[in-house]
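In the two complexes below, chain A is the common chain; its partner is chain B in one and chain C in the other.
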Partner chain A sequence: MKLNIEGLLVYFPYDYIYPEQYSYMLELKRTLDARGHGVLEMPSGTGKTISLLSLIVAYQKASPLEVTKLIYCSRTVPEIEKVVEELRKLMEYYSKQTGESNNFMALALSSRKNLCIHPEVSALRFGKEVDGKCHTLTASYIRAQRHSDPDVPVCRFYEDFDAVGRQVPLPAGIYNLDDLKDFGRRKGWCPYYLARYSLLHANIVVYSYHYLLDPKIADLVSKELAKKSVVVFDEAHNIDNVCIDSMSVNITRRTLDRCQGNVDTLHNAIQKIKETDAEKLKMEYRRLVEGLKEANVARETDVYLANPVLPDEILKEAVPGTIRTAEHFVGFLKRFLEYLKSRLRVHHVVQESTPQFLKDIFDKVCIDRKPLRFCSERLQSLLRTLEIADIADFSAVTLISNFATLVSTYSQGFTIIIEPFEDRTPTIANPVLHFSCMDPSIAIKPVFQRFQSVIITSGTLSPLDIYPRILDFRPVTMASFTMTLARTCLCPLIVGRGNDQVALSSKFETREDFAVIRNYGNLLLEMSAIVPDGIVAFFTSYVYMENIVASWYEQGILENIQRNKLIFIETPDAAETSMALEKYQEACENGRGAILLSVARGKVSEGIDFVHHFGRAVIMFGVPYVYTQSRILKARLEYLRDQFQIRENDFLTFDAMRHAAQCVGRVIRGKTDYGIMIFADKRYARADKRGKLPRWIQEHINDGSLNLTVDETVQLSKHFLRQMAQPFRQEDQLGLSLLTLEQLESEEMLKKISQIAHQT
Partner chain B sequence: MPKLSPLKRMFPGVWRCENCVEMLFVRGSGNCVQCETPLRKSNFRVQLFEDPTVDKEVEIRKKVLKIYNKRDFDFPSLREYNDYLERVEDVVSNLTNNIDVENTKLQMEQYQRENRDLIQKNKVKLTREQEEVEELLLLEKQGNEQRRLELLQEEQRQLQAKRKNKQALLDELEHSQLPATMLLAQHKVRAAKLETQIEQQKQAVKPTSLFSTGINMRQTVSLQPPPRIEEVLYQYKPVHVETYGPPVPELELLSRLGYLNHVRAAMPQDTAGGYTSALACHRAIQDAFSGLFPLKR
Partner chain C sequence: MDEEPERTKRWEGGYERTWEVLKEDESGSLKATVEEILFQSKRKRVTESHGQVRLGMMRHLHVVIDCSRTMDDHDLKPNRLTASLKLLETFVEDYFDQNPISQLGLITTKNKRAEKLTDLAGNPKKHIVALKKAVDTVCIGEPSLYNSLHLAIQTLKHMPGHTSREILVILSSLTTCDPANICELIKTLKSLKVRVSVIGLSAEVRVCTVLTRETGGSYHVILDESHFKELLMLHVKPPPASSSSECSLIRMGFPQHTVAYLSDQDAKPSFSMAHLDSSGGAGLSLGGYFCPQCHAKYTELPVECKVCGLTLVSAPHLARSFHHLFPLQAFTESPAEGLHVDRFCQACQGELKDKSIFTCPICGGVFCSECDLFIHDSLHCCPCCIHNPSNP
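The block that comes next holds the complex of A and B.
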């Protein structure tokens, strides 16, 4: 269907459209028009991806000079593949409608592990191994060595790509990971490097968050992407945690030991190179005396995305004299390392700010702030000069040098916590230095600064206004869209009491209470009797789940449940979990029905969809608060309070509710789907918790569904299920929640649509 | 067996446990047990680092840095400062690794003699970077203290407000004629209002990061004169607009030429605001006259 969105012709590859999709595109267009950033929340299963793609592609076609590129960031490889498939559908529709062949280029990018076609390298199991091996075959000096000695092994795919691949651009089309591999095999070119090279002139790039947010990777891959790009972060409800993780550093005793090994290797390599090829070191030295001017020019002319690990001051100055020569630098690293080792020998927990750390390090080992700041850059230069083949081996020293740079660059937003042992095992010494980032805006700042429009979108972003605050940006549009429904296909219920009137809660005081555990068991038992097919139950943590399941077993509740359905359990082990999931789905297919016990914040709660009969009910046992005793979290809460005026409790509730919403959102994956969402904790009934759920769930919680007992819940669920079991055809939806073009263009509908978007 | 205490060692290379040091050098100095060299107690130190060479290097470095204490502003350019830093590094590494010790020591002494005044002067001065760190630490301390106080005050205030509210309810229940349920309901509303008020106050508190002069607190103020920017003096040039039409009569001439005869005279209220009928008339004439001639190519 061809849509007219405020004067923009949008090709939409389906015959019908949901009203909220239209509304979403409207908001999106306004954001792009304003060249600003946006925060948009739309329920899962209402076609967010295709709305985004068709609008932005149309925008690109209409004004190719204004928006040159779409960078679509998603979280997992399957999600990336899904986006590419949608895009392929859209492009086919385009060429069918316009009759001309497609000149659009879109590609997905993933790690070497997913893209390598070298027979030996691709057989390796871990991503790091693949990267390291690839590096030993493709590094520039290895290839230079081959000129003199043809026995040195290199990757023939990379060689071929390097010889001819760069002259001929990748032909237009849509490439997912497999397409890239096929193309690479046909031409004999390395798909990974081909994809990385083609990023620059592709119209659409689909890849993972880390390629933009992790400074180390972004520097390699994304730094030359055009300014006039639109960046979309899909499923972005956890984006602050991704940002924080990408900037934080954890140093253990093992890291330091490996680092010591690295430093010794460096020392030996320098000695060796001095005997054989002293000229090389001298060349490097001369370059460093001149300063890092090259990088500076590039940044000034705005060619590159800024790198938060490489602060601006560095680029303007030359490397300080203290670490200019290679030996001095290695000595410097040794001192730094010994200092860290001495810090790790503490017997009690230490928490300090970065200025305190800097002062201490100067007093103890006379290390100034300035050389620390240059540490990361200096190490890179040395590794290049020494021609070290396997960079993966040097991850420890790289980590330490990154830490040095960060700690000396940022006086705020970071904290250093040294813990001599883990909280759970106070007798086993296992010292860890956490250098933890508390401000997610540091990592994402370059993205907001560089790109013209950044869209943050997900099914659950409520409350919307907290994201701009913690990420520190000014959005031009913030909107939350509801789901228009022909029938109420979701049924959120808040269970507050058991049949014996005992208040249900996972709060700390009643966590061990048998009455609560028994009532939770009864709830699951009763639901397993009336709900067809699959039920997913979420607990707040693995420990809590273990406790509860153990006592259910003792009380014989498990046995009773098993009469109705099979039970599967998620564990921290990824392989076991995927096995459990597979069997769970099999049981649902067979009609036997199954229950999956899993954990909020776990793998199941984030990425697995339970469409239709795979999930007819979801039960959230308790409020999934994060472990509040962790020192890192405490420091972060304090920081949020001082810097952003967000109170501890507000943030904790927000965090718990977004995870709860993620969990219960797993069952509704479309408008024909239906499911019961049970919040089994009386605290959900409070306004401050309820108000933080996404609007599309909140709408359906009325006063009648608050603080129910188990019996009432069962009654309501029965009623709901009976209603939902009636045949539901597409015609029933038409005109209400599914529109044809004519219906969409009617005056009345347009008025209705304008109310869908809930501006904040 | 005596409890093991941390090893102490004297530079270079004599190792004793802490108890032995206390025992052997009761008087502050004594001879080495093995080689009879005189040693001092105060020269024994606890080893801080795993690698003894690092301990030694840090020791030497501290000594060297006391002499080589030039700051970056003592040099005309950054390049020279960096060269100087590298020389210092060389001195330190020579002394630690026992390379050419004699010459290096001589070099140090010579430097010390040449720069005596500067060394004395710089002793009290911190480098700019250290200054910054100190400043940050100070700020942090102040901030923490202030926050603690604010938090205390806030809590106090909230507690008081709540107590007052409760007392008011009790009083009312005692004296008022209204039914108790109504009073309770009123009280509930009031309590909620109080909560929201406190909430809003909390939101309103903003940290200050600026001095009253608008200078960022975290910035070190440079005392250098601001760079002089040479600019050309502005010269007024009258605007000439090409209207492509006959010349428009001046504003002042309009009434004399009779244009105003056909325009509504300005009311007294209008003139008070600075309006005259000539203004509107002049605009209308400008409009009418412009664009009448063909474009000149």
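The block that comes next holds the complex of A and C.
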């Protein structure tokens, strides 16, 4: 259907539209008009992706000079593929309606592992191996060597691409990963480099967060994207953690050992090259005297993404004399390494700020701040000079040099924590140096500064106002959309008491309480008897889950549950978990019924959807607070309090509730789906917890479902399940939660729609 | 332990329903409640069933009754098993009333096994006796959907192609304990053209959805006892015959009822063939229905002759199946505001309060929605048309 969104003609590839989609597009349009950033929350399964795509594509078509490119960031490869498929549908609709052939180019980009078509390289299993192998075949000096010695193996796909691929632009169309591979095979071009090259003139790019947020990758891939782009972060409820992870470094003793090996290799390589080709080293030396001017020139044209690892000032200076020659630099690295080793030989926990660390390193081994800052860049230069092909082997030393650069660059927003052992195993020495980023805004700042509109969207972003605060940006729109429903298909219940009136809670004091554990078991048992097919249960942590399950086993609760359903358990091992998941789905499919016990923040809680019968109920045992004794967290909380005036408690609750919402949100994946959401902790009933749930869940929690006993829960659920099992067809939705164009354009409906968006 | 929670549950049940009603009032205009949707579907059923469709008049139906642990649940009074059996009794009666030349068999499943309660037979009495007896069954273990379906098709697959093969499962449990992959069995059922319908007593189970969808049956979950009854009654009406089923002429016997008196010299007491295999039951009697082909005696019709295999029916039986073929036309629905003359229903004489009214297209009689349903579901003829002989 063709929609008119405040004067913009939007082609929408479906015959029906959800009211909230219309509302979402309205808000999105306003954000784009204002050239600002937006935070939008809309429940999953209501067609967020297609709304985003339709509107932004329409905007691009209407004013091609204002918005030149859409950069759509998603989390996983399947999600990326899904976005591309939606886009394909939209484009087909466009060409059908307008009669013109499609002149849009959209493509997905993923790692080499997913795009490589080289027969030997693509057979490798791990991403790192593929990257390394690819590098040994395509590095510039390898190819240079080939000129003199034709026996050096190179990748013919890359060669062909390099020879002709750049002159001919990729024809317009929609390319997912497989399409790119097909195209590459047909032409004999490397799909990965083709995609990377084509990013520049593509209208729509779909790729993973890391290509934009992780400074190391962003530098390679996303450097030259136009300023007038719209960036969308989908499923962005964890974006702050992604930012932090991309800037943090953990160094263990093993890293240091491997690094030692790297440094020795470097040393030998330098000796060798000195004997054979001393000229090369001299040339490098000269280049370094000139300073990092090359990079500087590129930056001044203002089309590059600022690299947070390498701040602006650094480029203006020459590489300091102490590390200019290769031997000196290796010696420098050795000293730095020894220093780190000595720091790891601690018996108590040390926490210090970056200036403290720098002062200490100066006192102990006389390493100045300045050479440290150039460490990362200097290492890259050295690796290039030494013509080391397989970069993957040098990950340890790269990590250390990155750490050196980061630690000497940022005096704020980072902390260094050295722990002699893990908290869980206080007797086993396993020293770790955490260089932890506490400020997610550091990594994302260049994105906000550079692109004209950044949209952060997800099914669970409540409370909305906290994201702008922790990411340090000013949005022009913040809105939360509810789900309009023809029937109430979600049933959130807060269970606060057992049948014996014992308060249910996972809080620390009652964690070991026998009565609480028994009542939790009772809840699961009763639910297993009345909920059909699949139930997903989430615990707050692996340790807690182990304790509870062991205790249930002793009490015979597990045995009783198994009469109703099979039990599967998520473990930290990914292979085991995916096996369990597969069997779980099989059991749901053939009527045996199953329960999946899993952990909030685990793999299951984040990426896996339990549509329809795979999840008819989800039970959240306890409030999934992050492990509060962790020093990294404590440091971060302190930082948030000092810098952003966010109280510790507010942040902890926010973090716990967004994970709880993620967990329970797994069961509702659309309007025809239905599911029970059980919050089994009396603390959920409090306004501060409840108020932080997404609005679309919150509005279905009424006073009657606040502090229920197990029995009441069972009664309500039974009733709900019977109601939901009644036949439900599309016609029942029509006019209420599903609209045709005529219905949409009626006065009354437009008025209703304006109430869907909840501005904050 | 058993008594106490029981009482609270009942109390909550009542509490809950009032709350439901309140909620509906508040946002009635915004959200269509489930009841409303249900009513719509009921209406649809009435309108849909009209039209000339071929119906399978000779039906072979196996009813599978779940007797697992969950049938002990007290949400139907006094418990699920007793309530279901009682409803099934009326179902059996209605079934034979509406489909006199059809057959029915009962299967129970519990403790991972399936047992035949009664064989496929056309005699309602035998089934009802079996159902009455089954009330005392101890409900244990899990049901096995696979085993019961397997047992049912053992007999159904031998039934001739012009008859319908149906299975109706009353499933209370949410789990099934199967010896093999049920998907394979579903394929077999599909190839044998067995239609499986399920009535769930607790909630929607995926495997039943798939089962019914694949085999062309219906799947419903009960809301309460009256809804349960309604759903059962849905299965009384014969389903449309699949176009692929064969047509064939059937040999049928119409035996006359011979009444003999003891005083009569020729009268010899004889056994009814139908009662030979069951040890109890009637003994010697004088009169009965004699098969026109082999003269075997039966006390009840319809029946398949034990001796020569002829189907024996009486003429009224066939006549009763007749209305399925020529159903009453659907009444036209119109908003109540359009009506000016009299605001009373022609059938129940009650005031028309509903939003819409229903008019008979032949005589123009006006009815309320309840009477409309009643006329179409039970009466099968319009009372006004009959009242005015001038309107044929």
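Convention: the second predicted complex is superposed on the first by the 760 of 760 C-alpha atoms of A that agree within 3 Å, B and C clash if a C-alpha of one lies under 4 Å from a C-alpha of the other, contacts with A are read in each partner's own complex, and residues count from 1 in each chain.
Operating definition for what follows: a residue touches a chain if its C-beta (ideal position, glycine included) is under 8 Å from a C-beta of that chain, and two chains touch if they have at least 3 such contacts.
Small disclaimer: the values here were computed from a predicted structure and weren't measured.
Aligning the shared chain A places chain B and chain C next to each other free of steric conflict.
Contacts of A:724 after superposition on the shared chain: chain C is touched, whereas chain B is not.
Residue contacts after overlaying the shared chain place A:369 against chain B, while chain C stays out of touching range. By the touch criterion defined above, A:686 reaches neither chain B nor chain C. Geometry note, superposition on chain A: angle between chain B and chain C about the Cα centre of chain A is 150 degrees, to the nearest 10. By the touch criterion defined above, A:342 lies against chain B but remains apart from chain C after alignment on the C-alpha atoms of chain A.
When the two structures are aligned on the shared chain, A:254 is found in touch with neither chain B nor chain C.
Legend: residue contacts after superposition of the two complexes on their common chain; A:2 is shown touching neither chain B nor chain C. Superposition on chain A leaves chain B and chain C with their closest Cα atoms 29 Å from each other. Residue overlap on chain A between its contacts with chain B in one complex and with chain C in the other: absent. Across the complex, chain C is touched by residues 485-488, 499, 529-533, 563-565, 588-593, 612-613, 616, 704, 711-712, 715-716, 718-719, 721-728, 732, 736 of chain A. Contacts from chain A toward chain B in the complex involve residues 289, 317-322, 324-325, 327-328, 331, 334-335, 338-339, 341-342, 353, 355-356, 358-359, 362, 364-366, 368-370, 411, 642-643, 645, 647.
Of all residues in chain B, those touching chain A in their complex are 48-51, 54, 57-58, 61-62, 65, 78-79, 81-89, 93, 127, 129-130, 132-134, 136-137, 140, 143, 147, 202-203, 205-207, 218. Across the complex, chain A is touched by residues 5, 8-9, 12-13, 16, 19, 30-34, 37-38, 40-41, 69-70, 75, 142, 145, 174-178, 181-183, 200, 202-209, 220-223 of chain C.
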